[in-house]
Structures are given as C-alpha cells and as structure tokens.
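The structure's right below; bear with me while I get my questions together.
Chains: A, B, C and D, in written order; residue numbering restarts at 1 for each.
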Amino acid sequence: MKHSERTFGDTLLRVDNITLRFGGVKAITDVSFDIHERQIFAIIGPNGAGKTSMLNVINGFYHPQEGTITYKGNQRHQMKPHEAAETGIARTFQNVALFRGMSTLDNVMTGRLLKMSGPAMRYYHRQFADMPVINYLTYPAMWFGDFLLDSLYWGPYQREELAHRKAAEEVIDFLEIQSIRRTPVGRLPYGLQKRVELGRALAMEPDLLLLDEPMAGMNLEEKEDMCRFVIDVNDEFGTTIALIEHDMGVVMDISDHVVVLNYGRKIAEGTPAEVQADQDVIDAYLGVAHEEDLIEK
Amino acid sequence: MRLKGLTLGLAAAVAATGIAAPAVQAADTQYFPLFTYRTGPYAPNGIPSANGIADYFNYVNLKHGGVGGVKLVWEECETGYNTKKGVECYERLKGKGTTVVFPYSTGITYKLIPNADKDKVSILTVGYGRTDASDGRVFPWTFTTPTTYWSQASAFIKYIGAQEGGMGKLKGKKIALIYHNSAYGKEPIRTLELLARKLGYKLTLLAVNHPGQEQKATWLQIRRERPDWVLLWGWGVMNQVAIKEATNIGFKMDRMIGVWWSGAEQDVVPTGDAAKGYKAGTFHAAGSDFPLIKDIKKVVYDAGKGIPGGDKYVGQVLWNRGMVNAIFATEAMRAAQKKFGVKVVNGEQMRWGLENLNITAERWAELGLKGFMQPVKNTCADHEGNGPVLIQQWDGKKWNIVSDFISPMREVVRPLIEKSAAAYAKKNNITPRKC
Amino acid sequence: MFYREAGQFYTSYAKDQGIFQLKQDKFGLWGILFIAFVVVPVGLYLMVQGGLMAASTKDYLYNSIFLLLLVNSMAALGLNILTGYCGQISLGTAAFMGVGAFTAYKFSTGLNYRIQKEDEAGELISQLVPMLPPIDNPILLVLIAGLVTAVVGVIFGLPSLRIKGFYLAVATLAAQFFLVWCFSRVEWLYDYVSSSTIQIPPLKLFGLVVTGSETVMRDGQEVTIYPAAETKYLICLSLVVFFAFVAKNMVRGRIGRAWMAIRDMDIAAQLIGIRPLATKLLAFAVSSFFCGMAGAMSLIFYLGALEGAEAFNINESFAVLFMVIIGGLGSITGSFLGAAFITLIPIFLVVSLPWLGGQFGIPVDAAMVEHIQFMIFGALIIIFLIMEPLGLARLWQIGKERLRQWPFPY
Amino acid sequence: MGEIWEFILAPVLIFESWQFGMEVVISGLLAGVMYSLVALGFVLIYKASGMFNFAQGVLVLFAALNLAGFIGLGIPIPLAILLTIGIMILFAVVVEYLILRHLVNQEQIILFMATIGLAFFLSAFGETIWGSDVKKLDVGIPQGRFEPFGIQIQYLELTAGAVAAALVTGLAIFFNKTKIGRALRAVADDHQAALSVGINLRTIWIIVWAVSGIVALVAGTMWGAKSGVQFSLSEIALKALPVLILGGFESIPGAIIGGLIIGLGEKLAEVGWGPYVGGAIEDWFAYILAMVFLVFRPQGLFGEKIIERV
C-alpha cells in the first residue's frame, strides 16, 4: 500500500514503562511505546496478552501502578475515563457497548455530548472562564441557564441541537447507516452494531481513536467495509488510530506501526513487515497454538 | 398522551356503575356513610368498632322502625385506615345525603375538618380526632363528644395521683408515655408536659413507629428508667406487643394504663394471661350486661339478621364504643327532628342536633343503658360535652370497671383547647362564632 | 390507514427533531389537551347545570379522581426520569413528595420558628416568628417546593455513585425512613403543633380562592367563598402539562441522552465523556424536583391537611414505582398511563364490585370488596408483567402500529 | 462541650451499668436473629432465581395465618405444622406454575414488581380465608425470663436464637451435602451453565420457594408468638431489608451476621441516642447504617470485590 509515502506528526501519546496489577496478577509489565499523530497503530498479541487492559489504561479506566503516560506533550495525572474523553480520546469495545435502549441516531448523538457545551456555557468560556472569582459566580448561573434552555428546547439550544444533528448525520452518511437511523440498536445485527459504535466514537471528533477488535466476528465483506472506514477516517479526518485486532491480514494491511504483547510484556515493535519477521512473535503465536491465522501470510 | 381520553372513559365507567345519577335521597330514609377498616394492619380494632355502629343502626330499624319513623340506611366504605382512601370514600358518598361522618381515624379527621362547613357535613369523632376541635366557636362542624385525649390524659394523672395517695405525692414520681408515633399518639403530650410542670412528676416520652411489632428498645429504656407508671397510647399490634414486653420485663401490670384505644379485648386476649391486671381508660362501662345490649343480641343476632360472624363482638369494648357513636348520631337526629319538625334531617339540622345533644341519665336509662355512661351535654362553645373518664382493668377474662367516673382537669385542658383553636382560627382566617 | 406516515416528509432537521413524527400524533395531543382543558370543565359544569349530574358527583370526580391522577402523574414523571431514563431505582419517592409538601407548608406560613420563654409565673410562653413574609401563590409554592426537594434529592443521590441496582433501591429506603421520621419528629417542620399535622393556609391565585375560604361582603351580606374544584383542577393540569413538556424536552435532548447512556451502559458512557456522578445527581435533582412538586400539589390541591408520616409512607413509594413500571420505563406517555392504571383500577373495582355482586345476587360487603380488590389488583399486576413487561406505553405503541395498517393486512 | 461528648458517646455510656449494657447487647443480638429469620427467605430465593422477593414478608404472615388457623380449628399442633408445610409446598408449586416460568429472563425490576403483586394477592387471600382478626399463636414456646447476674433474658428470644442456629445449620447441610443442594448452588452460580448440565431449573425453583416458605413459617411462628398473628406481621419484611443489603443478597451467613449487626446497632442507637432526638430512630438508623456500610463496601459483607470490565 502507501505506507512508504505516509508521514506522521509528533508523538501524540507516549506510554512509558507501564505496569498494571490486579491484586497479585500482573496484567501489563513494563510496556513502553509511542503513538504518533495520524498513525494507524496496532496492538496485537495472543488472548490474554493484556491488549484490552492497555487500551483501558490509555483511556483512564484502569490506573497503572507504575509508569507514566504522556498525551499531547503533557504527562497525565491519574484521570477518570470521562476526563480522557474530554482530552479527545474515543473508544470502541471488544463486546459491543452500545446504549441498547436508544436508536442509532441517539447513539451517535451521545458521541456529540462533549461538544454540546450549551450556548450559555460557551458564552461563559468566551467571557468569564479566566476571570478569577467572577467565574465561580457565573459558572453555576450559566450552567443553569443552559439547563433551562435544554428543558424548554428553545432558541439557542434548539439551534445547537440541530447543528449537532447535522454533524451526526455526516457521520451517519460516512458510515452508510442512514437506513437504520431510527432503529433501536438492540435490534441490529452484530456487524451493524459495530459500525454504529464506530459512528458514536467518530461523532466525538477524537484526536485519538481506540478500536478494540473492530472486526471481530465479522464476515469477510463486513471486514472489508470496516477496513475501508478505518482507513478513510485516518485519511479524511487525520485521526490517529490505535487498534487491537486478531486478523493479521487486516493488521498487516492497514497499520503503520505494530506493537506485540505477550503475557503483558512487549515482545516486539516495528512496521508490520518487521514484526512479521520477528522470531519471538512467531514463537508466541505458535506457542499458544491459537486459531490466529498468522500462518496464512 | 392520549390518556385524558382514557381517563374520561374510565371515569365515565366509574360514574356509570353507580354514582352518576343525581343523588336522590329516598324521602323516608336517613343515610349514614360508615368509614370502616375491616382489612389492613388495624383491622382487628376496626371490625368491632364498625360492627357496633352497624348493629345499633340495624337494631333501631328492626325494633323501632328507624328514628322517628325514618329508616336508617348506611353504607360501608373501606378505608384500611388510609387517609387517601378515606378521602375517596368521603367524596364518593357525601352526595348521597350524608349529614354526619365518623372517620374513625385521626388522619382522615384532620383532612375532613376544613371541608366540613363547605359540604355541610358534621364530623363526629367519639373519643379520638382533633382535640382542639372541641372549641365549637372555631370548629362549628366538628364534635369530639363525649371526651378527648387531653381530658383523658389529665384524668389519668388524677387517677395516678389518687393511687399514690394525693396529687402532692406526684412530685418526683416518674411517668413514662409510650405512644404510637403519629398524630394520634402525640395528642396527649402537650397536656402531660404541662401537668408535669405543674405537678412536678418526671415525664419520659417513648415513641414507637408504626406498626410497633418490635419494641425491644422501648422496653429496655423502661428497664433503665424504672418509671412508677407507664401510660400506653398505642393502636393495633403495638398494644399487644407492649403488654407482652411489659410482662416480659416484669413490669407491674396494674401500673400500666392504656388509652381507651389500647384497652379492648383484641389487645389483651392474644397475650394470654400476661395482661392480667392491665388497666385502660374508657368512657363507658364494659361488658354486655345491659338491657339494650342484650336486646340487640336478641333482636339482631338471635333473629339471624346480624353481620355474619359478628355476634362474638357484641358487648366488647370497641363494639360498645361503636354503639355509643351510633347512639350519639341517632339522638342528635332525634333532637333535630323534634326541633325542625322534619323527618329526614339535613346537614345543618344534624349539626344543630349534635350541638344540642343532651343525653341525661334518665335518657340513658330509657335507652336501656342505665349506668353505662355519664350524661352528655354539648353546647355551642363546648363540643366535648365534658365526659368523665373511667378506668377499667383486665382480669384475664373480661374488663372490669375499677374506678369511679373521674372528671378531667377542665381548668387545665379547656384553656389549652381554646388557645390552640384560636391559633388555628388565626392561621386560617376564621372568625370564631359568638356563643 | 388513517394512521400512516406516508406522504409526510420533513425537509429540515428541526422538523425531524420534533416531538411528534406524525401529524396524527400532534392532532391527537392537541385534541386531548382541548378535552382536558375545555371539554371536561365545561362539560361537567353544563351537566350539573342541566341536572344530569349531582354537584357532589362533579366534586367527587375532581377532588378524588382527577386531582389524585394529576398528582400521581407528576410523581410518576419524576420517578420515570430517575428510574426509567437514568436507570436508578428509587424507593424513596414518597419521602421526596413529603419534602415538597412540607416545604410548601413552611413557605406558605413564612418559615416560622419558635421562641420560648418563661413568664414570671413560670408558665411557658411560646411564640411563632416568621422569617419571611408568607407566600400565598400556590404555583410559586409548588415551584419552591420542587427546588428544595431537588437539593434534598441530590444529597440522598450521592450514594448512587458507589451503590448500584437493588442495593441502591434498598439504600434509598434510608431516605424514605429518615425523612418520614423527620416529618413526625422535627417540630419546626410542622410549626410545633402537637399532632405533627399540617394544614395549608388559605391561598389565592389571580384573586381566586384556591384553598381555605374567604368571607366577603356582597350586597351587604357576608358571603363565604369556597375554592372551586375547577380552579384546583385547572391549576394542577396546567402544571402537569407544562412540566410534562419540560420532561419530554429534557429526555429528547442532550440531558436525556446522557441519562440513557448511564442507564444502558454506564462504563461506556463514562468513556465517551459523560460524568457519571454529575449525570446521576442531575437525574436525582430533576426527579426530586418533580416529586417535590407532586408532594406540594398533593398538600395544596388534593389533601389540604395531612400527617407527613402517614401520607408519605412507604406504600406510596411502591405505588409510584408501580405506575412507572406498569406505564413503561423510559416513557413520558407511559408515566401518565401508569398513573391512570394504578389510580383508577382500585377505585373502579371498589365501585363496581358491589354492583357486580348485586347482579349475581351475592352480597359483597366492604371488607370483601377490599380483599377481592387487592387480589384482583395483585393478579392484574402479575398478569400484566407477564404479558407486557415493557408496560402500557409499549402496548400503546403496538396499538398504533396496528392502527397504521388497519383495516388492510399490509 | 461535655454535653456534645455525652451525646456522641451515648450508646457507649449505657454500659455504665454493665448489666443494662449487656441486656441491650443481648436483646439487640436476639432481635437481630429475628430479622435474620426473615432475611434468610429472601436470600434463598434471590440466590436461586435472581428474584428480589418482596412477598417474603407476606409469606411469613401467610404461613403464620395458616398455622394459627389450623390450631384454631382444633387440629393438634404437630399435624397443623405438617399441614402448613404442605400448604407452603403447594404454594411454591403454584407460584412456579403460574408466575415464575412465565417470567424467565425478565429484568430484575420486573421480577421484583411481580413479587409485590404476589404480596398484594397473598395478603388479601390469607385474610379472606382466615379473617382479619388477631389470632393467638401458641406452639409451646416457653415464655418468661431468667436473670443470670442480674441480666434479664427472655426464653422466647433464646428459643429464636436456637431455632435460627438450627435452621442455618440445617440449610448449610442441605446446601453442601445433598444432591439438590449442589444443584441449587450450581444454579446460583450460573443459570445457563446449570441448565446445560441438565439441572431442571423449575424443580429447583419449586424447592427453593418451598424451603423459603418453611423458613417463613419458622419466622412467622417466632414473631407470631410475640404479638399474635395479624396483618402487621407482613410489614416485618421492611426490618429485614437493611439486613439484606448489609449481608449481601446472596449470602446465608451474611443474613445472619447482618442481622446481628443491624439488631445490635439499632438497639444501641435507640437506647443511646433515641432519648436525645425524640426516639423512634431505629427504623431509619438500620437503613442508614447499612447504607453507610455499603458506600464503603459496595459488594456487601460477604460479596467479592467487583472488578469492572469492558
């Protein structure tokens, strides 16, 4: 493909000597890597290698006991998941974690929630946010103003809602899920659910998109679609993507950089070609004798 | 949001099943709604009370063909001792010719009092309800005849004083009040506190939450405080548990006095012999050894016209009290008939009848209840009728009266009532009547 | 065929985001509002005037059915926001209603506090001193009650961050029991009256008597004016309709999406940037706001006088939860349907059973009615939950879908 | 300042008289056992069917009503007990047949609501058959008290403690040593897995409901001996709920230990703090105690630490 022509920006996220324990069990041991802007970054490894835990660490759901994470040049303190989201990290899940009681459109709209700060709140951020003392007084007032507008669904709030509806519709168009807009997601087939979940993450307009096995359980056609979406997202919006995937073909095809984990340790890192040739990696995969189709390649 | 349509449909259905037609009162019947609670946590007390009223009405119809030739009709509405249901009952039945209601629940009474003068319906609360409503100037439509909780509390203190050998001996004595944590249970507190200041006894207040199944902690405190007397202001299962716990800790039963709602067969029988010696207040005699009660048994139950399974209640304390309630209503009706020269009495006439209720000792005897109660006489200002209080004692088989009629400390209670009623009048823009 | 979306297109997102997707729904709603606001009061008035109905029957319909229904609808809306939309089960609804009722009472009497001193004779003299001028506008009282209850709701919502599911449900009983205890123990709340019973003082709105009574001189005669049932009904109806729209707006906008996200999958919700505590607390606040208003309405319009511990006991909490579940979790319409079901079925049974018994010559006494009513009610609930666990709202929807095709098979 | 300390330490200060302090402790623990008896029934059903059975309180009433009713008809006590057990088993079969099997895989809140519906039905049904009157229930539990070292102890409560101990031992043996018990535990762990190894879920439900019916009978007998049998008996379910959240919905030892903690805690609070704040605080105190505990340990007393996964 076009790997050679691709250029990446600075380091977006640096993972430094991360160790994560659950009680006595080490899920991740001393792992480090860098993710660069606009990269498609893959984390692979056998089952139980700590891949999902790694993503959970990155978006603040698990708190590693050792090591640091530097994101956009700032070293991160121990943060809550919603704070990670506020800094522009979006995420899909291994087992679909959609809001099953809501329609496709509403699911995508929830992805816009962070962007919908409310008209009064925007005014606050423009006018008062950095005025000491006054900001403490105006913040609740502005918050409440937004709340009232929301509850009346009126004026500026309605305009804001419609603007975001437009943005959500763009995501829906992009993922070609117009026809299921109003369908409750619980009724959708698995492949489509995965796509809606991607839509929800995209609606957040993230800087870093974490995909946890986006193609697991899909048939070939669905996988191809999904690959196309991932590449398009990366191309069109310049979003940095970190993904976990078992399908080696996919990984080798679309990723720029690969990290291999085994038993919570990093055993290899590099371009897909480099990793493929690594003896440790081959051992790890053959050693656990899984159905992974590494051999095919 | 189509619900209004549905609502209307249902409402129409409700209406269709019996209430829509304009209430046409039959020309020669007097209608009484009865708010009963034959179900729910207070059913054991509710059943005999309701039977007492119904049986007496039934008896009057069977024996005398009604009051002044007017047959009595009554309709039961089950409240389950729940205010909301009571309100529903009231609103549903008030248009059927209701002139007086017997709410049989302090909560429902409080709710109905503000409606009374609009609806022209009197509220007759025989020995319960809102004590300060005895002030007829502020509460023209509410009757607490023959006596109230505040009067009773003062009578109890008088009785205790007499037992201790004089009111002066009360100083330094310890009296504990164990009460149902509700409007009902709290009624006597102000009076007892005031008397404690005056007479110098130490009052301990112990509240018990509904339903009162578990009173361990309360009686542990009795163990610690070791009061000389315990007053019990309970209702329902709370009474039985309290009596049981009292015997369990070895408290002397004859130093425990229950309010008149804690002194019925239902309260003592389930605890077996434990309750022997327990005392309770009342305002009428116990037992069925009166011509009227015997006659009711004969005319109603022996003729097979009574409430199925109801004969066992006849002559019980709560049944007797229900009968007293019914007698007040029929006597008031009789008085109103005479005064206004009508057969069927309307709301305002019934109110007049209740306000001028005057049952003399001769009248009691005439009714077949000689010595059953003291004379009762209401006036415009005083709707309590100044009924004295009796103390009865449980001997393991039946209740026996063990005191003379004790008249309450009117000089203490009446000012309290007037003060409280005046405050109510002020708050609600009521100009008290001149009496 | 009369209920089809065919031919109805939207050309802007604004229209597509509307509450009703179909014209028929919109007309239906306006029709219902017209019936509720105009046809019912005018119709009943005319029926009474025309002698078709007794005045007391009209009073009964308003005071015992419509008002209770409106109060319950408001409470059900509130609980549905918390349980149906945000997924937090609460068994403390009645207590929050109680907070609303007592707040309304305190503000209507000017937040009295008591000063006690002994006079020379050693008698205790107590005096009530108002902190604020008493408020006599019922709508203002209802709103204040809602706000205060919202604050209380937030406090009792705090454990929801740590406690989930049924553990939370039982934990909310702590609020229920604690608050109800306060209603009978904190004397300040009920102005120190010995019976802990509160009664709303006379209130007026736009010169109309709403509670209590007013004596005026008219043509040289003293006339006592009592509140008209219609006044109470229309005020309550306006409040409920307005706040139902507010609730609908909240749940279809960003706030509602955040709630539903927390309900459906709280971990995923956090990972897309929803703050769980703030969102849950907002739900507790809004829900309590509604319940508080319901409680205040119950005191002001429906009961007039009440005893806190009895009127807001735990059975009321269960009743409201029933309304929400029978009506349909996560449905505004469902809240109304559920409130109607739970409020009207028992009354309907009580009224119709004796009549039914009479038809078959079986005398049914009041106690028997109550027992049978409970049995039927319990059985109905079970049958209903088995047949349609998603509630009346779902049935309603199915009905609409059927209607869409009717009378053609496709 | 002294008064504040006196208030804060009030539950401790009751030990100034150690006999009285011990009395409070003992009655607290034994009252707790009475709560545990009710809570046990909840736990059994929750374990086997994930159903939060609010009808347990009414079940207690229903069992006691039947027993008292049969005794009232003049049937000898052992026979009356057997008859009541028979009714409870029949009831379990009916509940399974009419309700449980139709509610498989429903959400917990729906199951919970269904049990409230059941509670409505059953309380009215019981009263229709046996009447609403108070019934005396005397199955020969010793009454009275004895006073070692000046500490009053009631025979009834000691009996309740002994019965609870026997009941828990019996249940433990039943769960651990019998084939049905093993099946029960399998169902509690994982419904699907249990089904897949050929355990008949319906039989298990019937057994569990019957067992908790019998537990309810025991609880009803103990409570009924105290206060007579009447409608209010059904409301003791509310006293058992804090025990449940403290001990965990699924833990039998939790129900016992939770009961002891709640019983002891509320009695100490009521006797200690009650007089300062007007009394009657034990109801909410039990709930607040359980809630505060839960905030620090959301999984309950005997639950395992929850690790959240995505």
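In this text, a contact is a pair of C-beta atoms (placed from the backbone, for glycine too) under 8 Å apart; a residue touches a chain by one contact, two chains touch by 3 or more.
On a predicted model such as this, the values are computed, not experimentally measured, just so you know.
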| item | value |
| --- | --- |
| Distance-maximising chain from chain B - centres being C-alpha averages | A |
| More contacts between chains, B-C or B-D | B-C |
| Separation of mean Cα positions, chain D and chain B [Å, integer] | 36 |
| Averaged-CA centre spacing for the pair chain B and chain A, given as whole angstrom | 72 |
| Separation of mean Cα positions, chain C and chain B [Å, integer] | 33 |
| Chain A-chain D separation of Cα centroids, rounded to whole Å | 48 |
| Junction residues of chain D - those touching two or more other chains | 124, 127, 132, 278, 280, 283, 308, 310 |
| Of all residues in chain B, the ones touching two or more other chains | 38-40, 43, 47, 181, 207, 209 |
| For chain C, residues contacting two or more additional chains | 181, 184-185, 267-268, 271, 367, 370-371, 374 |
| Contact footprint of chain C on chain B as seen in their complex | 1-8, 10-11, 13-15, 17-23, 36, 38-40, 43, 47, 76-78, 80, 82-84, 87-88, 91-92, 94-96, 106-107, 110-111, 113-115, 117-118, 130, 181-184, 186-187, 189-190, 197, 207, 209-210, 307, 420, 427-429, 431 |
| For the chain D and chain B complex, residues of the former touching the latter | 14, 17, 20, 23-24, 27-28, 31, 34, 124, 127, 131-136, 138, 143-145, 152, 154, 156, 223, 226-228, 230-233, 235-236, 239, 266-267, 270-271, 274-275, 278-280, 282-283 |
| List of chain C residues in touch with chain A within their complex | 13-14, 16-17, 246, 249-250, 252-255, 257-258, 260-261, 263-265, 267-276, 330 |
| Chain C residues within the chain B interface of the complex | 28-29, 32-33, 35-36, 40, 51-57, 59-61, 63-66, 68-69, 109, 122, 124, 181, 184-185, 193-197, 199, 201-202, 212-215, 224, 226, 244, 302-307, 309-311, 313, 332-333, 336-337, 340, 344, 347-348, 350-352, 355, 365-367, 369-371, 374, 396 |
| Residues of chain A touching chain C in the complex | 59, 61, 80-82, 84-86, 90-91, 93, 97-102, 106, 109-114, 116, 118, 147, 150-153, 157-158, 161-162, 165-166, 169, 200-201, 204 |
